[in-house]
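Chain nomenclature is as follows: A, B and C, assigned in order of appearance, with residue numbering initiated at 1 for each chain independently.
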Amino acid sequence: MRFSDDPSAFAHPAVNLGLLMHQLASELWPIARSITGPGVRKTLEILKQEIPELCLQSIPSGTRCFDWTVPDEWSIADAFIEDEAGDRIVDFRNNNLHVVGYSVPADEWLDLEELQSHLHSLRDQPHAIPYVTSYYSRRWGFCITEAQRQSLKRGRYHAVIRSELKPGVLNYGEVILAGETDQEVLLSTYICHPSMANNELSGPVVTAAITSWLKSLVNRKFTYRIVFVPETIGSIVYLSLHLSQMKSKTVAGYVVTCIGDDRTYSFLPSRAGNSLADLAATHVLSHLAPGYRKYSFLDRGSDERQYCSPGVDLPVASVMRSKYGEYPEYHTSLDDLNLVTPTGLAGGFLAYKHILECIEGNCYPRVTVLCEPQLGKRGLYPTLSTKQSGKDVRAMTNLIAYCDGSLSLLEIAERIGQPMWELLPMVERLSEFSLLEKKSS
Amino acid sequence: MRFSDDPSAFAHPAVNLGLLMHQLASELWPIARSITGPGVRKTLEILKQEIPELCLQSIPSGTRCFDWTVPDEWSIADAFIEDEAGDRIVDFRNNNLHVVGYSVPADEWLDLEELQSHLHSLRDQPHAIPYVTSYYSRRWGFCITEAQRQSLKRGRYHAVIRSELKPGVLNYGEVILAGETDQEVLLSTYICHPSMANNELSGPVVTAAITSWLKSLVNRKFTYRIVFVPETIGSIVYLSLHLSQMKSKTVAGYVVTCIGDDRTYSFLPSRAGNSLADLAATHVLSHLAPGYRKYSFLDRGSDERQYCSPGVDLPVASVMRSKYGEYPEYHTSLDDLNLVTPTGLAGGFLAYKHILECIEGNCYPRVTVLCEPQLGKRGLYPTLSTKQSGKDVRAMTNLIAYCDGSLSLLEIAERIGQPMWELLPMVERLSEFSLLEKKSS
Amino acid sequence: MRFSDDPSAFAHPAVNLGLLMHQLASELWPIARSITGPGVRKTLEILKQEIPELCLQSIPSGTRCFDWTVPDEWSIADAFIEDEAGDRIVDFRNNNLHVVGYSVPADEWLDLEELQSHLHSLRDQPHAIPYVTSYYSRRWGFCITEAQRQSLKRGRYHAVIRSELKPGVLNYGEVILAGETDQEVLLSTYICHPSMANNELSGPVVTAAITSWLKSLVNRKFTYRIVFVPETIGSIVYLSLHLSQMKSKTVAGYVVTCIGDDRTYSFLPSRAGNSLADLAATHVLSHLAPGYRKYSFLDRGSDERQYCSPGVDLPVASVMRSKYGEYPEYHTSLDDLNLVTPTGLAGGFLAYKHILECIEGNCYPRVTVLCEPQLGKRGLYPTLSTKQSGKDVRAMTNLIAYCDGSLSLLEIAERIGQPMWELLPMVERLSEFSLLEKKSS
């Protein structure tokens, strides 16, 4: 295990934890993942070394899940394009983005003109290999840089893809961390993209670290459902198996993705937009990263598409660093482990840690006395009244002023403009003096 | 009939319909209308040639209607001011705005000083004849340009008004176009101003064209109540006869006025401000004319004063081009058929057509599957996933994401930023694949 | 009595009333007030000369009131610092801010270094004597200007405080002005600061004038509870005695403080923020002083801290001129009767007068006819219709348009943008014509 269960290790993630997460990402980097196949299994096995509680599940190809069907399993041994001289000018072993995901087997000699219809590149990013897939329509293709494409000479080329597409299984992993109640918090991340760092590895890596931190908590109030699934089909499969339980128990959930670069913070709301998941996330970001980018649910693009769909209606939002689709390296070979940094991952970890602290610590506090309590006699208020006195204890008196039992601590924190996680010790202090009661609702 | 019942004729009103509406306005232009009398009847008869379903009604003078009484009927044969040489220096035959509406008969020789108290002109618009009426207080007067007034020489003048004011009737016209339900949409326009174009003729002319278009609709959902009334007293009379039916059935209504010039679009909300009439109108204008002018109900001035009055409480708003009281030619001889144009009328028609399309097509759509439907297997989604794919079908996936049966299509269109009339074909397509149900509420 | 009961005297407070209020403040100025003791009693006795109905109450030291205990009574005969030559370099007789409030007796010779720990001054305001108290922790001290402090020479000083701190009483005054109903309006002001003008005397002085004006009203609808209490402990004592009655009867309340300077107007909302007290105050200020400063409940600092505390929950707001803590002279000797002016006091009086007029005159008006009433036949509307007519009677027609019995007159005034106190005569006029009914809710 890379991440210790020692609470103190999580208090300052920038010191050490960011580096450990980046190391885990590096280990997962070379694996040729797709929505099914050995790459997913290898990835889950490495994650299980970090989280022994991770249960690996497999669902057979052909299984019906709502409007979808689990596809055949795809595996790939090799893929390349040779020129007439026998030189491999494109080689899957150099970069697993070179082959279109779910390509059918191929072994053809083609003219350059014929080959072109099987090539994908990005005119605006001449040095990036694009990421392209075709899960549900049978075709084959190669992805190369626009620069290489422009350099191809007339002649014949040998395109070989040694892939297999046949009935097998779809894999995913899940962890259930039981809490004091059976009310659940959902964390969902995906494990289906090949070598990309922000839009793939940052998600499972931060989720693994958060899982370790959650395990270190004593008196954990909520039960945590943490899933590592292939995007779209994986969350649909998972929902088809657990929808009833999740609908009745989930109080908040997050899709953890694109959480590793160092540029910005982003928020994508749930469809409802006002769930506990939304409130906790925007509260934390407003203090941690006041200039964070606010997206609309219309900008969604990951598994909240399923979790928030009509009839599913889960309170699932997403906190990200640079959001998918919004940074130039997205879905190209440029989304690498230089873009994702230890400090970027540590910042993402800290955001989710504070969010979950807010959810865990939320309660409906109520003062036990009428009028303001006399804080001075308990050493909580200056005894000398000057022009300045009172301002220093503003956060505590403001907290007390709203503890009428009708507002949650999260709502109070918003109203008085304080980070909720800084109010938690005050709530404890006031409770020790019997000046506050913590109601659960 | 000028306007065909052919649906295709209404699809592009700027091509031909604008010209036809302008021709109808030209035919109605010279008639000396007032709130009662032969001018109203002549106007209604011409409109009946366009709309054979138009029923002409007459209510006797002296009839009590709420706080009001139908006034005596007014007719005018001639009116002029002669100078001592016998020259007609002001002549009703040249412009029917020259006489104060509802003037009592007069035949007097007066000094210029005495005459002045019977003259009306506009200091700030020296070349405009103002429009002045005195329906409920017996007086007589003439309206002339300030330029002419300044040129009047000392001397004696012969003022003659050959009018009659005696018990008769108040006339109005109504059309009921039955639909699949008895829920009603109200369109109200007025026919009581003499020769003015935007603040009079644009209203009945666009309403007549909209009526023809409504007749061309197959499967019309709503029943349409379309009334051509003298302003204020006419709508009060009409409400006194139909209030109970209208209160229980009306889902939306509009006062159609000032809808023919080419300058801007304007919106005046209902008193409640959040009725279907308001939502449909602002939705359409936000797409058709994003810079449209938003007025407050405090700026009202036409028959929404009656339709929205306390206890009447109908959901009646008004979409206009240049609003009454807000353009310099308003209530003067300058409000003519140069100000009102074929393209201005066509734009007004199109706004109301889209509004009524939104009201007709509104429903509560609900997706029939859990999670996102697999659009790809139905040819509704690209099978190759690239950096760009998904964006092209954003409108459809956004539509689906909100079809949870709790939101109307109009609300969904607002939320996803699409013109509702462009979503209607998508709703049909998805319904054909049995992916959507259309609930009525 | 300084303030007459003649209603006309209150109509234009700037003419005469401001001067009378300033005179009363001058008379109260020299008294050495604190939260208990002879200064409070002397102040209440002078106020009783203005308001014979004022009842003086006393509560024994040691009485428990919620989380607090009434402290010992403090009195002070003399206090000074002498230098070695026997010259009084600091003398309580010159300015009663020189001694820390509630100082215990002292009679000590000290070095300058020892003396420093008992001195208070303001580095940023070198010519101001600060106001400092220590009610609940026994200490003694002197307040001097920073300029004087810098000029003190090494040597020995004789510090003498001839104070007494022993069981006694806490005093306050209350007036109940009965109205037609037992529903109450609360006015609370404080009488516990020594010689300061805006942050002390403006409150009781304006409250005394408002009390006289309230007495002059015929048909006063509400009962007024007007209290003159020492801040914090006084309102807590008062609430502990009257909470049940106040919770069930209070419709609106205000803390009257800092209401005498000429600079600005300020508003501090109640904790709920949407009570009648808030609505009436912001309505009045938006017309009387559109640029007034809007504070948050988080900026509170006077007895609304108690009145709005959880479980007490009274609808108490505060309208001020320059708010405590927000003007440089606050809590120093510079807050004097040059800062507080006759026009400043008159403006404060007028704001509260209009607020209470709005609360007194509020009702739910409903028109008695359907459609617009015919105002012309009652002489309330011009009979000649021109381009301009209608605009002159806009306020009345807008008033009528919203009199549907569901909106209060205060809400209507807000919606139509008119000062409510200017609508009151219109409501009376329309009621005389039987066009309006005034419902009480």
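Quick notes
Here is the rule we go by: contacts are C-beta pairs under 8 Å (C-beta built on N, C-alpha and C of every residue); 3 or more make two chains touch, one makes a residue touch a chain.
Everything numeric in this text was worked out from a predicted model, so none of it was measured.
In summary, the pair subunit B and subunit C forms a contact in which the copies contribute largely different residue numbers, shared numbers making up under half of all those used.
To fit its Cα atoms onto subunit C, subunit A must turn through 120 degrees, a value rounded to the nearest 5. As a whole-number value, the distance joining the C-alpha centres of subunit B and subunit C reads 55 Å. Contact of a single residue of subunit C with at least two other chains is seen at no position. Remark: subunit C residues 366-367, 369-374, 376-377, 383-387, 390, 394, 397-398, 400-405, 416-417 touch subunit B in the complex.
Interface residues of subunit B, counted against subunit C in their complex, comprise 65-68, 100-101, 120, 122, 130-137, 139, 232, 235-236, 239-240, 243, 271, 297-298, 300-301, 305-306, 308-313, 325, 330-332.
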